[in-house]
Amino acid sequence: MPEDFFDADSTAARLAAEALVIDVEGFEGPLDLLLTLARSQKVDLRRISILKLSEQYLGFVEAAKRLRIELAADYLVMAAWLAFLKSRLLLPPDPADEGPSGDDLAAHLAFQLERLEAMRGAAAQLMGRDQLGRDVFARGDTETVRRDVRVTYEASLVDLMRAYARIKTKDDFTPLHFRRGPVFAMEQALERMRGILGTCFGWQELAAWLPEDWLHEGKRRRSATAASFAAALELAKNGALEIRQEGAFAPIWLKPRQDGGLADQRQQDGEAG
Amino acid sequence: MNDEAGQGLFEAAFAVPPIGEQERMLEAVLFASREPLSMRALEERLPRGCDVGEALVGLGRKYEGRGVQLARVGDAWAFRTAADLGFLMSREVEETRKLSRAAIETLAIVAYHQPVTRAEIEEIRGVSVSAGTLDQLMEMGWVKLGRRRMTPGRPMTFVVTQGFLDHFGLGSERDLPGIAELRAAGLLDNRPSPETPPSEDAPEGQGELLD
Amino acid sequence: MNDEAGQGLFEAAFAVPPIGEQERMLEAVLFASREPLSMRALEERLPRGCDVGEALVGLGRKYEGRGVQLARVGDAWAFRTAADLGFLMSREVEETRKLSRAAIETLAIVAYHQPVTRAEIEEIRGVSVSAGTLDQLMEMGWVKLGRRRMTPGRPMTFVVTQGFLDHFGLGSERDLPGIAELRAAGLLDNRPSPETPPSEDAPEGQGELLD
């Protein structure tokens, strides 16, 4: 609702507008509005003038537009369709034209209105019946003299669906995070190898440098091997380590250099500084 | 003495009780239960050979005009207080959740058009059915899922429950107020629209009407 | 019928109801009450001027020899099933309980993902499945063992039974509602509802749910 709306000088227009606002909000969609308009014709729904009804509806939509009332899309779709229906009803039928005649369409709309009205009446009659727990009562005190309980478990299809829905939506609402595979990072390998450099003398196979808990499973072992190898290259570059390999795909041997540790140490300090 | 001998004795002693006794038994069993009991459940409870159908008729007649009535609920039976005495029971009234207009209309459409698909409900009401409406009706135990419709998409259908019949004092779906007249007037038909109707979900509604 | 109308009618008539009517009233009130009612409580509930003592005698006589008796409980009154029919009541003690959350979730997973291994159920639920849960479902006749999975360890798989389908009114496993339909029914309502109506993207049974 625009703010300046209430500044309109004409009280009558304002009142009309307010009536309309209330009306639009009170209706459950175009069919509901049409039914209310149809009732104002005060005839049997089967004898209702669909032409007149279309005009009433289009008039309503026009008024709403003029008063700058926001109408939901389905109200406008209905308006367009009714305008089309109106033209069909007014123009003589074109024999070459395929598809349903204006009369067929009008008859169906009248049927829809009558059916909706009938369902409303049925709903009212239903709710007007004597209801259990309000007008009619079940036995209040079920007897407690029974023993030997046989438990039967019960569940309805809805319970089942609800349970499955619960599991399914649980996944929708876990916070987004990327699951990391088992990866041994080069930084981890470097830190670990620096730690054990001093305790290791002579040539050792690369495999011996891998952490114990990364040795057994294929993926973890591969990751640890790659990281440790990259770390070994880094240490060799800094002069902390010698690397030897007899040939392609042969085992890789590593040997700490007795003096190299210091070089690596200096390098590390340099990085830190 | 073993089970078989016991069974034998039992059957000899109770070899199909006379109908009056069957009525007493039915009366006791139905009285003790709050929920309606199906014919099958009653047959299982009573000694073998009892004619539950006949006993029910006799029992119902005994309660005619009384303060408590034998009521039929679908294919089940229960004792219920007479509707005209509801005013005495103000202390027993249970607070009921107030249903929205949308929920009441949806309930009526399910009852009168069952089994009905969601698209058909929407086509009749002319608006979409909000997700909570059917869920609420299902939670109240008045509506449940029926079989899938054997049409393209195999949509789910909704039907009313025995709890619905019990709540509104209906012996069966045929007892719904005015249902015969509505059917005679063709208002329960799923009449397809002569063309693509204005509402967006109509094509699908039409698809379902092809059965 | 509502309270006021009923009350109004009585007050307008201003006459004490005839004794037969008083008996009907007593009968309904005693039937619907959750506990035995004392003479005083009964007098308070019935219209003024009723002779509760006399009505109780008349009502008690009507129930003589019947399957239900008007019984005195301390200084109060209640209906009780006849003592000689107690043997019928002992079968009455069927107690229905809701399945536990773990059980219903496990059942749902078996239904939607069958054949499914225990490890898969645990992965989907995100918690371990106690041995008792699957045992319970098997004992109830809703789940049974399927073929072994042809993977290392050859784990056992679980599938649902015909009894499961019967209980839930499903023609086949394919009739289980799909995700889109769950959402449309409001059971998965914590996401914006999809624009397409449910029947259009209705899943082909389980296939869709398995990805």
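Order of writing sets the labels: A, B and C. Residues in every chain begin at 1.
Just so we're on the same page, a residue touches a chain if its C-beta (ideal position, glycine included) is under 8 Å from a C-beta of that chain, and two chains touch if they have at least 3 such contacts.
Keep in mind the model is a prediction, meaning the values are calculated, not measured.
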item: A-B against A-C, pair bridged by the larger set of C-beta contacts; value: A-B
item: Longest centre-to-centre distance from chain C, chain (CA-based); value: A
item: Chain B-chain C separation of Cα centroids, rounded to whole Å; value: 14
item: Rounded Å distance between chain A and chain B, as computed from the means of their C-alpha atoms; value: 36
item: Gap in Å, rounded to a whole number, between the CA centres of chain C and chain A; value: 32
item: Where chain C touches two or more other chains, by residue; value: 1, 28, 31-34, 79, 81, 89, 92, 169, 177, 185, 187
item: Residues of chain A touching at least two other chains; value: 130, 135, 137-140, 143, 156-158
item: In the complex with chain C, residue positions of chain A that touch it; value: 130, 135, 137-141, 143, 145-170, 172-173
item: Residues of chain C that touch chain A when the two form their complex; value: 1, 28, 31-36, 78-81, 86, 89-90, 92-99, 101, 103-105, 107-109, 111-112, 124-126, 136, 140, 168-170, 177, 179, 182, 185, 187-188, 190-191
item: In the complex with chain C, residue positions of chain B that touch it; value: 23-29, 31-33, 44-46, 65-68, 79, 81-92, 117-119, 122, 130-135, 138, 145-148, 152-156, 201, 204, 207-208
item: Residues on chain A engaged by chain B in the complex (per definition of touch); value: 28-32, 74, 77-78, 80-81, 99-100, 104-105, 107-108, 111-112, 114-116, 118-123, 125-127, 129-140, 142-143, 156-158
item: List of chain C residues in touch with chain B within their complex; value: 1-3, 5-7, 23-29, 31-34, 45-46, 65-68, 79, 81-82, 85, 88-89, 91-92, 169, 171, 175, 177, 181, 183-187, 189, 193, 197-200, 202
